[in-house]
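Note that chain A is present in both complexes that follow, paired respectively with chain B and with chain C.
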Partner chain A sequence: MNLIFETDKAGLQKFYEEIIAKFETYAPVEKFEKFDYKRVSKLEECNPDSPIPSTMSVKPLFFPKTAKVMKFQEDSSGTTVSETDEDPLAGKRVILGVKHCDARGLQVLDEVYKWDYIDTDYKKRRENTIILSTRCDKAGTQCFCTSLDYDVENSDAHDVRIVNGLDGKIYIQSVTEKGENFLKENSSQQSVVGSQQSVEEIKKHYKSFESSFRLKMNYKEVNEKLQKLFDSPEFDPVSSNCISCNTCAFICPTCHCFKISDEKIKDTGVRYKSYDSCNNGYFTLMAGGHNPRPAKYRRWRQRAMHKFVYYKERFGVNLCVGCGHCAISCPVNISIFDVVNQVAK
Partner chain B sequence: MEQLLVPAICKIEKIIDETPDVRTYRLKINDPAKMESFSWMPGQFVEFSLLGHGECTFCISSSATRKGYFDCSIKRAGIVTADIHSQLEEGMDVGIRGPYGNWFPIEDIKGKNLLFVGGGIGLAPLRSLIQYCIDNRNDYKDFTILYGARTSADMCYKEEIEEWKKNPTVKVILTIDKPEETWKENVGVVPKVLEEVVKPAIENTKVITCGPPIMIKYTLVSLDKLGFAPKDVITTLEMKMQCGLGKCGRCNIGSTYVCKDGPVFTYEQLKVLPDEF
Partner chain C sequence: MDHSKQIQEIASRLFAENKIDYFVGYRQNSFDDTQVPFLITDPAEIPKLVFTERSVFNLSNYLKPDHTKRKRVGLVVKGCDSRALNLMLTESQVKRENVYIIGICCEGVLNEKGEKAQNCVECVMPDPVVYDEILGTASGKREYIVNADIKELAQKALTERADYFENIFENCIRCNACRHSCPLCYCAKCCIDQETSTLYHGANTSSAGMHALMTWSLHLAGRCVDCRNCEKACPSHLPLHLLHKQNEMVIYENFQQHLAGMEKDDRGAFYKYSLSDPDDFIL
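Moving on to the complex of A and B:
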């Protein structure tokens, strides 16, 4: 059975403080009203219970924006390559304040990183991280996580979840075995072990959270319709405003396209792996000029279909988690929710 | 992942000028143990690095039955390939990752008549399979190679083609697009020669084709007209790739990863993919 602790605001703060003092901890840090996950050393630096979803997803802590692949050196005897000194993640770490959608994003990413060739750095980072999520009290304007193919209420994407009960109490519940062990070792002294009543309160909180959604869709229907809509003319108007800035892909919890590039000064150089996006015009451009996706609507079609059809077909999970990050940050107000619903209407 | 992206350093043993814009680079991995264990099947590809300039995807154009080296035939087409042509000399180092991808279905084509239809640099992946089949000649029946290029100068592997011609068990048919004074073979585009000169028997025959998109397009029409079933027509796709590991997202056609599920597909498999290549 899962461990549940009942506490109050002061107790939760103490719980967080103990974690921050003990572990390498990351949490949403605000800057210019935007939230990004940063390394923190004091609770005052961050806001694990930020009322809005973080602006940036938790993805970069597992799949860095830019990673060094190797160094290389040329001299008269030839070329040598050597490893970079970057350690993918040696010790254990804890992330606070992860939203359910963001945590689900990691579960979705796991699929592509573990099929066939295993991304060992990603795997190591995943294994060494404890995720503490805070369930949102109500949905944001662009949120639609409850409309997709996963069970938000019973999600096991995080190790421990924190729920603000409607009764004024705060519940800390372990979800995975990793989370349970973590709670056993790190539960604050002020907490009281909860009962069946706590489970009911957590359920009540979910009901109230679920009823706060502005955006709702019938996922099954959208997915089935889209499967037959590769040639839909609707992809053109829905993507016409796009300025191909790639913000949506970079902040998305699940977008995982990357590029490999070299930087060389005189005889030494570094090879990097960094974020890329299917919205880039050059993404599929081949030497000689052939490009299977030269037009914007084709690239948006790829983005929408990959999120809602292809990945589901391949790995059994939807690539979009309904977090709304992309719609919030898009400079021209394109929302993936609108795009798929418009095409599949 | 990052470790998977680190290439092995190879020495360029030899550079062969094939055409004015195609060169074959004969490579050998510097680490003898790695070279010993480096094996591939016809149709597989590698990621070729000119360090500091970038990485490109090329098929291996020789067969693993010819030991001690592997070939990449590279056409000057873009930024990195131009740098490869202008900067690399024999004895220099390059980086190689691979081999990646699937390969020609060598078990399926055993005991069949083989018809190779190649155009331009499209002969490169076919050459790996041709060498493999010639080295295991008893496993296959009739052996026909139809190869076309824009001009006689644009034909790759000229010396090797002469060897194939001398082989009594191999039938070679060459064609160029426009007449040339000293040219004694066929003139005309590949699909036309296929229909009018080769007139292949469809019974028990597998067709393996690769070439520029326009040639493939009309060759498929001709093969259809001649009565070949889509499952008996095999081709290899060219898509932008970078990681070769089914991760970076560039080569997707629908839910298919060309770098993992391909690059070799039958025409039957291609027909159900979204039209995006």
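Moving on to the complex of A and C:
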């Protein structure tokens, strides 16, 4: 059995404070009524239980919005290329308040990052990070994580899981070995060790959590149908009001396309890697001027199929994790849930 | 302000008379009372069209070539939307004969919290300035007012203002949703999308992000109609109106009380020249 502590609100607060005092801690910080994961030094600065619709994904802490790839310098003898002075991650760090969907998103990203070329920066960040869950009680309007190909209740995406019991108690449970060691070392304030009853209570919580979802779908059926629907005419009407901005991809916890750009001043420069999006018209534009995806429906087809078919075929996991971030942030409220269900109707 | 019935009737008529290929209106979201833009080619979908104070999006944005290229379009516009459309017509982005405009005398739309949107409180022209058909009762032009937050910002020292904006833009993810949702940003290749340029490269360094948004706002100076589509589209909820309203204020004061898109064939503040133009703010 995993390590479980029973506690209450004050106990949880002490637990958080202990972590923040000891480690480099990141947690959702509010700005303009939107939460984003930032470095915190006090518990008052952040809200580990930030509401679902207004919280950005945790992806930028592992795959930064902008990362330096290398430096270069030109002189009479040619161009010299050197490593950047940025260290991806020196010590251990802890992230508080990570949603189920976000944590699963990282597991999904792991597949692509360990395939073919191994991204060492990403790997280092993943290995040195402890992920603590938020207390997801109720699904948001666009959430559908329970409808996909992973088991939210038994997932091992978090290292430590924090659950609001229906009996009013709060349960802190380690999920992975990393989490268990972390909990052993950092729970000096916690005294009540949970029993079999706590496990039952956590189960009950997930039952009530699952019943709060507005969006439900039959994942297997949708996936099977979509495999044969590349030429479906339905992609056109569902994407007709898309304005081809990049929002959905940039805030998605699993989108991982990037572009390379150089910042050059006189003879020295830095090469950056930053986000890119397949919904943008330029994404597939080639040097010769040909663009294989000039129309919006082709770009949306790529997005929907990559999320629900291609990635599953290649890596065995679904790329979409059902967080609903894209639908919430989309300027015209296009939901990938509606798109795939409409096409696979 | 519910014009759903009338809009449905007009749309059916236009399709029946074969005057349009596309109709652009609003549709109710299935999960709450918000609305989304709705593009239809099939008259069977007409009953889904609605228009209430929740119809916030500026539909002139769908006249860009990406969406309804070389098509005849029926379009619903509010006061601010029609000003943007007016500019698009003047700037030869749309042919007048290709759009059938249903103008709404707007009583103000609601924001996410259900309050009257700030730009509607400050609105100078709630009635459509260009239309084929008009719905509602016209209430006329209103006085131009500058909100307290803009005045306060303008009084800050230059360095202080720079810090203020740097703090705001820190949360920018450079998704460019602001630009894509702006009906007046129609360039085939935008200057802030150049991967190879030194200032505007795609990376989200503080200098590149700030430069991109500043340049964007300057390209819209004297053209922005304050529909705040950009602000509504921003996933980080950045107060982008601070940039545009500041420009608007400076232009109103120095360019003969110019407001963008109010008149037919008005080409924007920077195209007009008069000997009485003040020049003491230049250098």
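Everything below uses one rule, namely that the second predicted complex is superposed on the first by the 338 of 345 C-alpha atoms of A that agree within 3 Å, B and C clash if a C-alpha of one lies under 4 Å from a C-alpha of the other, contacts with A are read in each partner's own complex, and residues count from 1 in each chain.
In this text, a residue touches a chain if its C-beta (ideal position, glycine included) is under 8 Å from a C-beta of that chain, and two chains touch if they have at least 3 such contacts.
All values reported here derive from a predicted model rather than from experimental measurement.
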(request) Would you mind checking whether chain B and chain C clash or fit side by side on chain A after the superposition? (result) fit
(request) Report for A:302: first if it touches chain B alone, second if chain C alone, otherwise both or neither. (result) first
(message) Quick one: is A:262 in contact with chain B, with chain C, with both, or with neither? Answer first, second, both or neither.
(response) both
(request) Check whether A:286 is in contact with chain B, with chain C, with both or with neither, and answer first, second, both or neither. (result) first
(request) Examine A:169 and indicate which partner it touches, taking first as chain B and second as chain C; both and neither are also allowed. (result) neither
(message) Of the two partners chain B and chain C, which one touches more residues belonging to chain A?
(response) B
(request) Return first, second, both or neither, reflecting whether A:65 touches chain B, chain C, both chains, or no partner chain. (result) second
(message) Just to be sure I read the superposition right, which of the two partners does A:310 touch: chain B = first, chain C = second, or both, or neither?
(response) first
(request) Based on the superposed arrangement, let me know which partner A:117 touches: chain B (first), chain C (second), both, or neither? (result) first
(message) Once chain A of both complexes is superposed, is A:125 in touch with chain B (first), chain C (second), both, or neither?
(response) neither
(message) With both complexes superposed on chain A, which partner does A:80 reach: first (chain B), second (chain C), both or neither?
(response) first
(request) Working from the superposed arrangement, determine the closest approach of chain B to chain C, counting only CA atoms, in whole Å. (result) 5
(request) Would you tell me the residues on chain A in contact with chain B in one complex that are also in contact with chain C in the other? (result) 259-264, 273, 276
(request) Could you please specify the touching residues of chain A with respect to chain B in the complex? (result) 67-70, 72, 74, 78-81, 83-84, 88, 112-113, 115-117, 119-122, 230, 256-264, 269, 271, 273, 276, 278, 283-288, 290, 292-293, 298, 302, 305-306, 309-311, 313-314
(request) Quick one: which bits of chain B touch chain A in the complex? Just the residue numbers, please. (result) 1-7, 9, 11, 30, 49, 51-56, 75, 77-81, 92-93, 95, 213, 238-240, 242-243, 245-250, 252-255, 260, 274-277
(request) Enumerate the contact residues on chain A facing chain C in the complex. (result) 31-34, 36, 56, 65-66, 141-142, 214, 240-241, 243-247, 249-251, 259-265, 272-277, 281-282, 296, 329, 331-334
(message) For the complex, give me every residue of chain C touching chain A.
(response) 29, 31-32, 34, 36-39, 57, 61-62, 66-67, 171, 173-177, 179-181, 193, 195-196, 198, 201-205, 208, 229, 232-233, 235-239
